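In the part that follows, the structures are each spelled out as structure tokens.
You will see chain A twice below: alongside chain B first, and alongside chain C after that.
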Partner chain A sequence: MGSLFREIKFALKDRIVFICLIGVALLSTYSLVAGLQESASEHAMIERTNDLVTQDRQYNLAKQSDAGGAAYYSFHFAYDPPSSLAFVARGVRDDLPWKHRIRMLALEGQIYETDTGNPELSKIGKLDFAFVAAFLLPLLSILLLYDLRAIEIRNNRWAFLSITVGNGNRLLLSRAALRSGLLYISLIVPLIIIALFSGAGFSGTLLVAAAVALNCVFWCLLAYWVFTRIESGPTTAAILLGCWFFLAVAIPVGGKYAVEKSIKVPSGGEILLMQREAVNDAWDLPKKATMTPFFERHPQWANTADVTKPFEWKWYYAFQQVGDQTVEPLSQSLRSAIARRDKAMGLVSLASLPLLTERLLSQAARTDVASFQRYESCVRDFHQRLREFHYPMLFGEVEYSLEHMTQLPDFKPCL
Partner chain B sequence: MKKITTIEAENLSITRAKKVVVKNLSFAVKQGEVFGLLGGNGAGKSTTLLAFLGFLTSTEGAARINGVEADVDPAATRRAIAYLPESANLYPHLSARENINYFLSLAKVKSSADDIEMALNQVSLAEEARDQRLSSYSKGMRQKVAIAVAILRQAPILFLDEPTSGLDPVAIDEFNRLITKLAKSGTTVLMVTHDVYGACQVADRIGLLRRGELVGMFEATNDARISVDEVHQAFASGA
Partner chain C sequence: MKTAITIAAQEWRYWSRTKLASAVALLAFILICTSVFATFSQVAKEKDTRETLQIKAEETFRDQPARHPHRMVHYGHYVFRTPTSLAALDPGVDPFTGTVMFLEGHRQNSATFSPSYDGAQAGPFSRLTPALTYQLLLPLVLIVMGFGVVAREREAATDRQLVTSGISPISIWLGKTLALGSVAFLLLLPMLAGVALSESNWSIGLGFFALYFFYVLVWVLIITAVSTWSQRTSVSLLILLSIWLILCVLLPRLVAGAAATAIPDTSQIETDMDVIMALRSVGDGHNSRDPAFDRLKANLLQEYGVKRVEDLPINFRGAVAQAAEADLTAILNEYADKRIAGQRVQTQLVKSYEFVSPFIALQSASMVAAGTDARTHHRFLREAEAVRFQFVQDLNKVHEHKMAYVDDINRNRDTDAARRTRVDSENWRVLRDFRFNADPADTRLERLFSSYAVILIWLMVFAIAGLLGARRLPEVNHG
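Entry: the complex of A and B
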């Protein structure tokens, strides 16, 4: 214990180490507070939008006299609220939509017709804790560790130190471990404090702390392995920076390129266009062309009265659904390709600890691709519930009334 | 009482970068003796020292400390050694007292504040400088702090590499007196130097190294120190 305090005191007396650790703590705090503010602003936006959409729905419903109009003017706000740990990692939350305004029209178009915020900003990305812990932490480790042995050699102190302590490399290992430990503490203490105050889950915080520790230990051991073999500080730094570039840039970027080349993903725009064409074409097609594929899915309505008028709501909503059915294979293939790409990137991350750390943090923060897909599936389930509520009224099984409309499904996020 | 051998080179040969730097070197230093290894640049004296410190492996023969081969168990042999390099730059962000405390703690040696003050007095480090960071010290002052560490370690064997380099003449005299005193108290000293005068002032025996081989041995008697002229002549004749 005495030697631990001795080395802590020794390390902190070094101004560069001290300034670096303070800088890391500030950077960590900034990234976490920025993440927390982002989450708070999303929560506020959800609450505000939800209220507005609900008021708008109630206002419009009061004016409707039939089921078709009621379904047409009933908008619902679907959203994926930020998790209690979302402040840790933005993940794909800036790239993929986490909020939608849904009604009982064709769903696919509504899912892929979305505003993702400022696309230029999402391209640059935000400085979140995950980026600091996954990609900047190795650079800071290199900064603190690359010169540990070289400075002793340069100052003609290495032999003196080794003779004094008996085994100089063992002392350097303990110094490297201590500096890495201090770096870790500077990074993780703000996280723990903010997690405690914001009520983030214990297991999630623990997972984040463990993933960051793994990254920290890896760079400590790698730096030790290199600096005990190379006498020159600049050469050690160059080798370690090369390792960082390879692990934190080349593998993730190269892996992403290879994955995107090998797994083709249909674009959401393509789905939107195809679905709109299918819906628009339906206006000019015989009613039977719409109703037959619709009744294949809903045989319980097959015996209801034929569509004879130029416009009937049941026909209108049927061709909305048929529009969805038309793009179903493409939509399914999009979702499955995104999942396969994500799985492939998971394999790539096994060769890149920074990428793996970032993925683990996004997973803990529920801002990863899997969480996005869960949300999308939640929206699809909700839309299905909307259809199940409206169809009996449209096909005359249940009579339309404002009282019945009070049972209209409400969107509840899937957690 | 028969004095035991603490430092011994037996047919020691060392090859570095395919070049034989030390060739068939043999000598032994007994407890309490000050042995000077003298030679010009490239004579192999620092290589020999590094072998005793356990940083180099012998190609043939052995470098032993208390009978243990230094390259076989360096951690064990280093426990008995204190080492003073040429121009030791101890930690510039610590003061003299902090540096001493730090190094003694690394060596697991317990010394009181009085012991530390006594050692700093012995090396004549100005009192007002003792709490200043070493970054403001001259080369000679830094060397004095390193000497104080070596003294306080109380190791039975002391290796010195050009120890008076950077010291002023007064400090050199004080240092020589200190080495003599340590030797009298039983410390064995091996000093590597190219300073003929300095070596003759303090050494009981001097081995002259040339191109990795021991080419001469000079010994002080009870009545007289080693003759500077004699050593200088031998040193210069091979240059």
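Entry: the complex of A and C
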């Protein structure tokens, strides 16, 4: 025990180690606090917008005299609230949509609406905890560890050390482990404090801490493996930096390239164009061309009155749905391709620990691609419920009344 | 100068002897070539696709059959942002903004389908464009090769030999700088080739390349300066790696985060809601009985000297649609301008840190030179909006003049009236062609002046730092 304290004192006396550890603790705290702020502002934004959209809906509903107008002017706010651990990893929340204002028109025309902020800021990227723990931690480990043996050799202490402790390498391993341990502590203590303070889930926090520990141990062992084989400090550093580049940059870039080449996605632009054509063509087509495919999905309305006027609401909403039906295969294959690409990147990440760490963190934070897709299908389900609510009124089974409109489904996030 | 060249040649020989340096340089060269080639072909393909889609969208619009003009207002149109020629080297914000925009009546949609929507998510360094390779990784390569250029001599006490043999410390520094600079220049050759292949306007091509040339030179000077001041190679390496980490990795992200917090961006939905609230005073253009249009009605009745809207020689509904669209657009533009202005302040705030980090200086200047900055994207949004407003209003004019009001109000009930409100496909020719181009080369070069100035200041600071360090060479050694 005494020797451990001696080594800790020894390590902290090294000004560089000390500065580095303080720096890491500050960075970690900064990234977590910034993440918390982001979550808080998202919650506030959701609440504000939800109120505005609800008020607007009620204002418009009061003026409607029929079911068609009521559906046309009723917007709903759909959103994916940040999870209690969202402050750990920003994930895809800046790239992919997590909020929508939707109504009962064709969903395919609405669901790809992505509200991103300043692209120049997105390009630079965020300094979230995941970035610090997954990509920066290896660099800092390299900075702290590469010179451990070389400095002893330079100062002519290596031979002496090896003799006195019997096995110099074992001493160096424990020193490396100690430094990595201190690095880990300065990174993870702010996380634990903030997780406790913000009420984040225990198991999620534990998972994050474990994933980061894995990354930390790996870089410690890798550094040890390299510096025990290479005498020169700078060469050790160069080799370790090369490893970092290979694992943190080259594999993700190469993997992304390979994954995108091998798993094709249908063009989103094409889905939009096709959907627009389908919806707009319907105006000029005989009403039957719309109603037949519609009734195939909804046989329960097949025996209702024919559409005779140039414009009837039920026909209008039928062709909105038929527009969605037309692009359904494309849209489904887009979604499944995104899921397959994500799965393939999961495999790629097995070869890149930094990437794996980041993925694990955003999984725990529910800011990964899978969470985005869960949200998207939640919006689709809600839109479906809207249709199921409005169709009976449009097809005359239920009479339109403001009173009945109070039962209009309300969007609830799927957790 | 001649001695400096000899020193540089010696350094080259040293590098060719050490496996590490040659391996690093070779790998860097391969990496850079790959990135130039990959980005090049990808952007060329994107450009082709978007140009084709743009033409197709215009043809499809103009080929629509006869129908009610308001249907065309909602049928809408698509515009695509085609990448500039230098986007092949610095795609800038392109992967982060939507590339296609749907234009329709009564709405300003945001650009949808950014390449990151369906792209594989591969972490923060997954977009290794030539620009980023040069901005972020080349300095690291140069550090690994050059941290010891002078410190190594000092550590082995060979600097003393050099000085006593009559070589001035300045020549040592100059020679080492020359050596590292020539490596850097070799590594810049793929970029030069890329510029020559992609940009036909030589002045902007040269302006773009010069940015990278000076930036790389700044790093060469940083490295030789630190190496000259350091007593030991290990200290030099540690300091240089920390500088790189702070200037290229941490600071830009910290500043971007600070900018986002200092100037919060309102979300599109919130802006939409604000617009809706503001619009309640403007009136719904679909409903000509909206009391908001009473004044318009009174004015028109007076102008034509009639008592009822049915007696007007024009279609009142078309007049309402035009007036409503104009009022609405004014409000939409006001909010869009507000949002763009906010983003510009954010960008400016980040840019102001160019005096702290050459990385930030180059990153923003490079996008300006390539025409792939947020400002250009904002111009795209504005130009697309101009196209939208023009075709919607032209269609509304058709709506006003080419049908009878009575037919128009009865078209949903009466099939004959509906037929009479359909206008000929000829009318869809009101749509103008849309070709998005970057700002002219001169304008972009003008905007670059301040960036050149900043980078030149960086050059001078580190040249002086290196020279001052070089003057310490013999004294330090004796002490």
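Here is the rule we use: the second predicted complex is superposed on the first by the 412 of 415 C-alpha atoms of A that agree within 3 Å, B and C clash if a C-alpha of one lies under 4 Å from a C-alpha of the other, contacts with A are read in each partner's own complex, and residues count from 1 in each chain.
One rule holds in what follows: a contact is a pair of C-beta atoms (placed from the backbone, for glycine too) under 8 Å apart; a residue touches a chain by one contact, two chains touch by 3 or more.
All figures in this text were calculated on a predicted structure; none of them were measured in a lab.
Chemist: If chain A is used to align the two complexes, do chain B and chain C fit next to each other or clash?
Modeler: Fit - chain B and chain C, as placed by superposing on chain A, sit side by side.
Chemist: After the superposition, just quote the angle formed at chain A by chain B and chain C, using C-alpha centres and rounding to the nearest 10°.
Modeler: The C-alpha centres give an angle of about 90 degrees at chain A.
Chemist: Between chain B and chain C, which one contacts more residues of chain A in the superposed model?
Modeler: Higher number of touched chain A residues: C.
Chemist: For A:R48, using the defined touch cut-off, is the partner it touches chain B, chain C, both, or neither? Pick first, second, both or neither.
Modeler: second
Chemist: What is the contact status of A:E403 with respect to chain B (first) and chain C (second): first, second, both, or neither?
Modeler: Neither partner.
Chemist: How far apart, in whole Å, are the nearest Cα atoms of chain B and chain C in the superposition?
Modeler: Superposed model gives a least chain B-chain C C-alpha distance of 13 Å.
Chemist: Indicate the residue numbers of chain A shared between its chain B interface and its chain C interface, in ascending order.
Modeler: No residue sits in both footprints.
Chemist: Which residues of chain B touch chain A in their complex?
Modeler: Residues 50, 53, 55, 74-75, 78-79, 81-91, 93-94, 98, 102-103, 105-107, 146, 149, 153, 159.
Chemist: Which stretch or stretches of chain A touch chain B in the complex?
Modeler: 2-3, 6, 10, 13-15, 155-157, 159-167, 171
Chemist: For the complex, which residues does chain A have touching chain C?
Modeler: Interface residues on the chain A side: 16, 27, 30, 34, 37, 41, 45, 48-49, 52-53, 56, 77, 92, 95-96, 99-101, 112-127, 131, 134-136, 139, 143, 147, 150-151, 154, 233-235, 237-239, 241-242, 245, 248-250, 252-253, 255-257, 259-260, 263, 265, 268-269, 272-273, 276-277, 280, 283-284, 309-311, 334, 337-338, 341-342, 344-345, 348, 354-355, 358, 368-369.
Chemist: Using the touch rule from the top, collect the residues of chain C that touch chain A in their complex.
Modeler: Where chain C meets chain A, its residues are 20, 24, 27, 31, 38, 53, 57, 60, 65, 67, 71, 74-76, 78, 92-93, 95-98, 100, 102, 109-110, 112-114, 116-128, 137, 140, 144, 147-148, 233-234, 237-238, 241-242, 245, 249-250, 252-257, 259-261, 264-265, 267-270, 272-273, 276-277, 343, 346-347, 350, 363-364, 367, 373-374, 377, 411-415, 418.
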